[in-house]
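Following: one structure in structure tokens, then a few remarks.
Going by the order they are written in, the chains are A, B, C and D; count residues from 1 in each one.
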């Protein structure tokens, strides 16, 4: 219960620290009969892995995944699917000087306050590396969703104040910023490079769209679809805000312009606009589900920063290590994965009612 | 599991429809020994109830609460606390014409799609009335939090584009907008009155601040404190976005300005700024916890709107009923309650580790 | 989480103390479209209520149930079904002398040790009265099960050493012992009456059989069907043991005689014997599911007993009140209800897989 | 949720099939600061592993465990502890002829009915091999319990009708039957050897005693300590019944002899007898907790047995493989582990209340 498990019917439990033997995930409740090969998972991990482009950390981890259980003759069996990724390129020595001080913006102090002990090598359990396990699990969820006609697309909406105006899905994987607007992409990359040159970091906004969801996903009251999605998205390290459809802009709208007008489209109920982002009363309405996440700039910067050490003395720290000046492009597959896990879980919950 | 229960150690399960016999809540896991009287709960319900001011719905429900269990000799006993609020001022006839059509922006269609049957009187289970049960439960949580030195303060940050610039806690309950800025309050009220006169509605932003939280609340990975709070806040009907600390603004910041600088303050670790909103690595750091929620304008407006009916015909609907032109002021105690429930639950989870 | 909720998809949360305002239950996850009337529930409560026959407690509670939510136009809506039973015939004064001492065999001391405070009137939350809420919930589950072709039959297998040899379902409700063997019934009743005359109490064994369960109920590893049933049955106050199929007798069997031989019966797989009690590898196999529960004699006896009081002094207690000399006949509907709740939950979980 | 996770605060999630790459477990919620070495876990695995004595299966698996996460500098960190055991001595070819038929007494048919697909090699997920993961997790729980003064002792109470009369803890690990009575041990072993010679198998009874538990473990209503223990014990493959204290014998007792008489012993409340097996009203009372489990004879026997195949034809099967003629001695550490996991979880839940 203390936080490493997510989901109701499709549950994922992740484990592992950034500088331990490895990280991994156990998925229980995945339906039997999903065609699943290592490549299905590796493909998504490669989109998240460090060292994939000039604007990410130069750390080079292959992030090779092994399927330990739950798949037989190329099909999921309905039993837990365990996936393991060994850690490779770990230089714990980079962290020796951090053992007894608290890096600003990091979880060093709070983990220490919570547990009394902590694995201080590379943020330990709080490392972004843990999200590789989520991406692996998300890849399995996406195979299931695809078989049900649901697809998930994520991209960078904004970096360092530069905003993608156009969304052309074909552009996304063509540039290392994962920007869907070919005009904005080079400007975003320039912002990232400038931050790195300055020993600084920049934030941004990721947008995720789910298409093909049937009506009925999400449950009344506490497990509204936006609440489950919000939980999932806000559980990713650097996310500081999440919104659905018109989101924060809704606060400045009138009811007469916010309400989406329903109409019948070839016998299927649709709405003319989609301010609600595909969710009404906490339940999907069959329109595209639209989520945006605000990501803060990474905490690890190479500039000198003031902080305190374990003895309570004020000290100055310069963080060596090999870090991302902007986490947004690598976060795209992570937020896609979290969205996939929520939607797959909701589809399974909804199957209970479909079968009536 | 299908959505009416929230929490891990302190669980709340709500029940009830807007036009059935009543609504209520069962809280399990509340610690024994909390001093608890009906008035503690009634006081909070009175802040949420309809008809409390000129800018809310004229529906007049007393929302009297009865404690059915879990309290003996004025103290909680550790067993489930069940609270019941009978429905009183229900005019189901207001909804007769809505039986077979789907109101724009409401959950009518999605509930029908999900369950096949639905209670169409006043939104049934999807009614905002359900939040009275949450406020009642939140009042219990607040008694527990107060005994631990944690206080929760909510207020209106923005309505109809009018923003509170100053936050003076003493002002909040002095105006029906629950605005902490005495200069902004009349402007907000004017926005609400104009919307009502236009047969329209307006949205806004609520801010909730928790003071006095010890470090250590929240759990790694999926149950980060912001994820639990986001889940709780986004489970309230009209919320379309949630953010922590500097929130969406973080996306435009540099790491060097976002990172809060730690320092020692009379032997206690604090940070000079609080961009993180009191949470680092998913765990509270002892600073104020700051949450904002974006609320859309209410879906029920009296203007004619186009929609479809159960037969798939396009129709025009005018919603009679007695509705709130702006839900923000009445949502303040609801969002305070959700925050209180999350923090109380986290405190109890943390007690497991405190006792080591 | 602290114990008043049971189930995975179909969850029940009970509340209430024996001498508070009332007891009740909230069921979430019940499928929509179940035809449900107050009488469906009342009928089962009447089988459990005190004062129903000469061999039960003379306490006379009508146990009238009210449906507070989740039912509309005679059908369940898929939202939480809340049921309330007001307490009526409560004589708290019977317990005044028990306030500061610990009755042997009761939970007085352990509740005090756990919580520091306790409701000492009539065992409070630990009272068998709580099971009325379970019977009410079970009645709803049974309506759902019946629609799926599953029926549940419970009866007394043994009381005070007298064993029912024959099982004639038509006999069960004809005698107050709920004994399916008309020859054993009067002997059981005599055992109960002798115990009462002696100021003593007797135990016995209840057997529950579920017919019509499809194969596939129960889940691998920790949620094997027998584990879920065992949890449910052992959660009923006086139960001290539970067994499935040949149960404890299996420990003395050889594999060659224990293994049930499969054969095809009109195209359906069956086994020639049913030593496994309808469960293989933790999953139902389509044969009758057979459970037995051993119930200890009630703790409340009128003979003087030695014990200690809150001050640690050794005292003698004589328990007045109005108690059952044997709880077995009234426990039959309770154990049926628990079986129904487990099977309904498992059917819903299995619907996830049926829909693939 | 579908069955591979157990526990409330201390959760264990197992994964793996008998003939896949390996089996393992993720424990979340284990407290930080537990001293933990590979040897602590290996020691318990060695008590469960095949090939440990002449009366077990000759399969020879070393069952070497690897700690993948959650331990740093020899201490648990509070984050998930993942443990992996690679499968070694797997001869899948032994099972080729079983691919398309259903072994009597096994889960072959029910898994197929549930999931549509199954890993037919050596029972797949339903294999007793999965319990190695539980023993590994249990070893961690036992380290925590030991630090709190709780010890757990299991032994064979009965095999093939031969009963241990005396319980001498020093004798248990001296004989391969794990029998605490040196006179009964050789008779038990003879029963096992006779069954093997006959191509048959025998069942038996395991008893587990927990000493040093504080009062207060277990929660009211559905999570009574005996219900949690019953769930845990009945989730182990061959268990067909479970009882607490005097168990089924209670059904034949009078209240006047069943009720344990409380007295003060050096300022501590105790009872003169322990018929309740250490649990009153679902909550531990500080006396020894006593559990017994009835285990059926193993399903795999080498005698010819009639069954049906996937095509519905009646066939005769002779099970080759290398099987245990009696699982009881190897089940002792498994049932100890399950008991340890329940008690550790309850201790952590109780810490919530201790801290009040």
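By our rule, contacts are C-beta pairs under 8 Å (C-beta built on N, C-alpha and C of every residue); 3 or more make two chains touch, one makes a residue touch a chain.
If you're wondering where the values come from, they're calculated on a predicted model, not measured in any experiment.
> Could you find the chain whose CA centre sits the greatest distance from that of chain B?
Max centre-to-centre separation from chain B belongs to D.
> Higher C-beta contact count, A-C or A-D?
Higher C-beta contact count between the two pairs: A-D.
> Roughly how many whole angstrom separate the Cα centroids of chain A and chain B?
From the centre of chain A to the centre of chain B is 26 Å.
> How far is the middle of chain A from the middle of chain D, if each middle is the mean of its Cα atoms, in Å?
About 38 Å, centre to centre.
> Averaged over CA atoms, how far is the centre of chain A from the centre of chain C? Could you give it in whole Å?
Their C-alpha centroids are separated by 45 Å.
> Of all the residues in chain B, which ones touch at least 2 other chains?
Those would be 1-5, 8-9, 14, 29, 32-33, 78-79, 114-116, 125, 220, 349, 353, 356.
> Under the stated contact criterion, what part of chain C meets chain D in this complex?
Listed in rising order, the residues of chain C that touch chain D are 1-6, 8, 14, 102, 104-111, 113-116, 123, 125-126, 130, 158, 160-161, 195, 198, 200-205, 215-216, 218-224, 226-235, 237, 239-256, 258-264, 267, 269, 271, 275-277, 280-286, 294-301, 303, 305-308, 312, 314, 349-350, 353, 356.
> In their shared complex, at which residues does chain C touch chain A?
That would be residues 1, 9, 29, 31-33, 78-79, 220, 348-349, 351-356 of chain C.
> Enumerate the contact residues on chain A facing chain D in the complex.
It comes out as residues 1-5, 7-9, 11, 13-17, 20-24, 26, 28-29, 32-33, 66-70, 72-73, 75, 77-82, 84, 114-119, 124-125.
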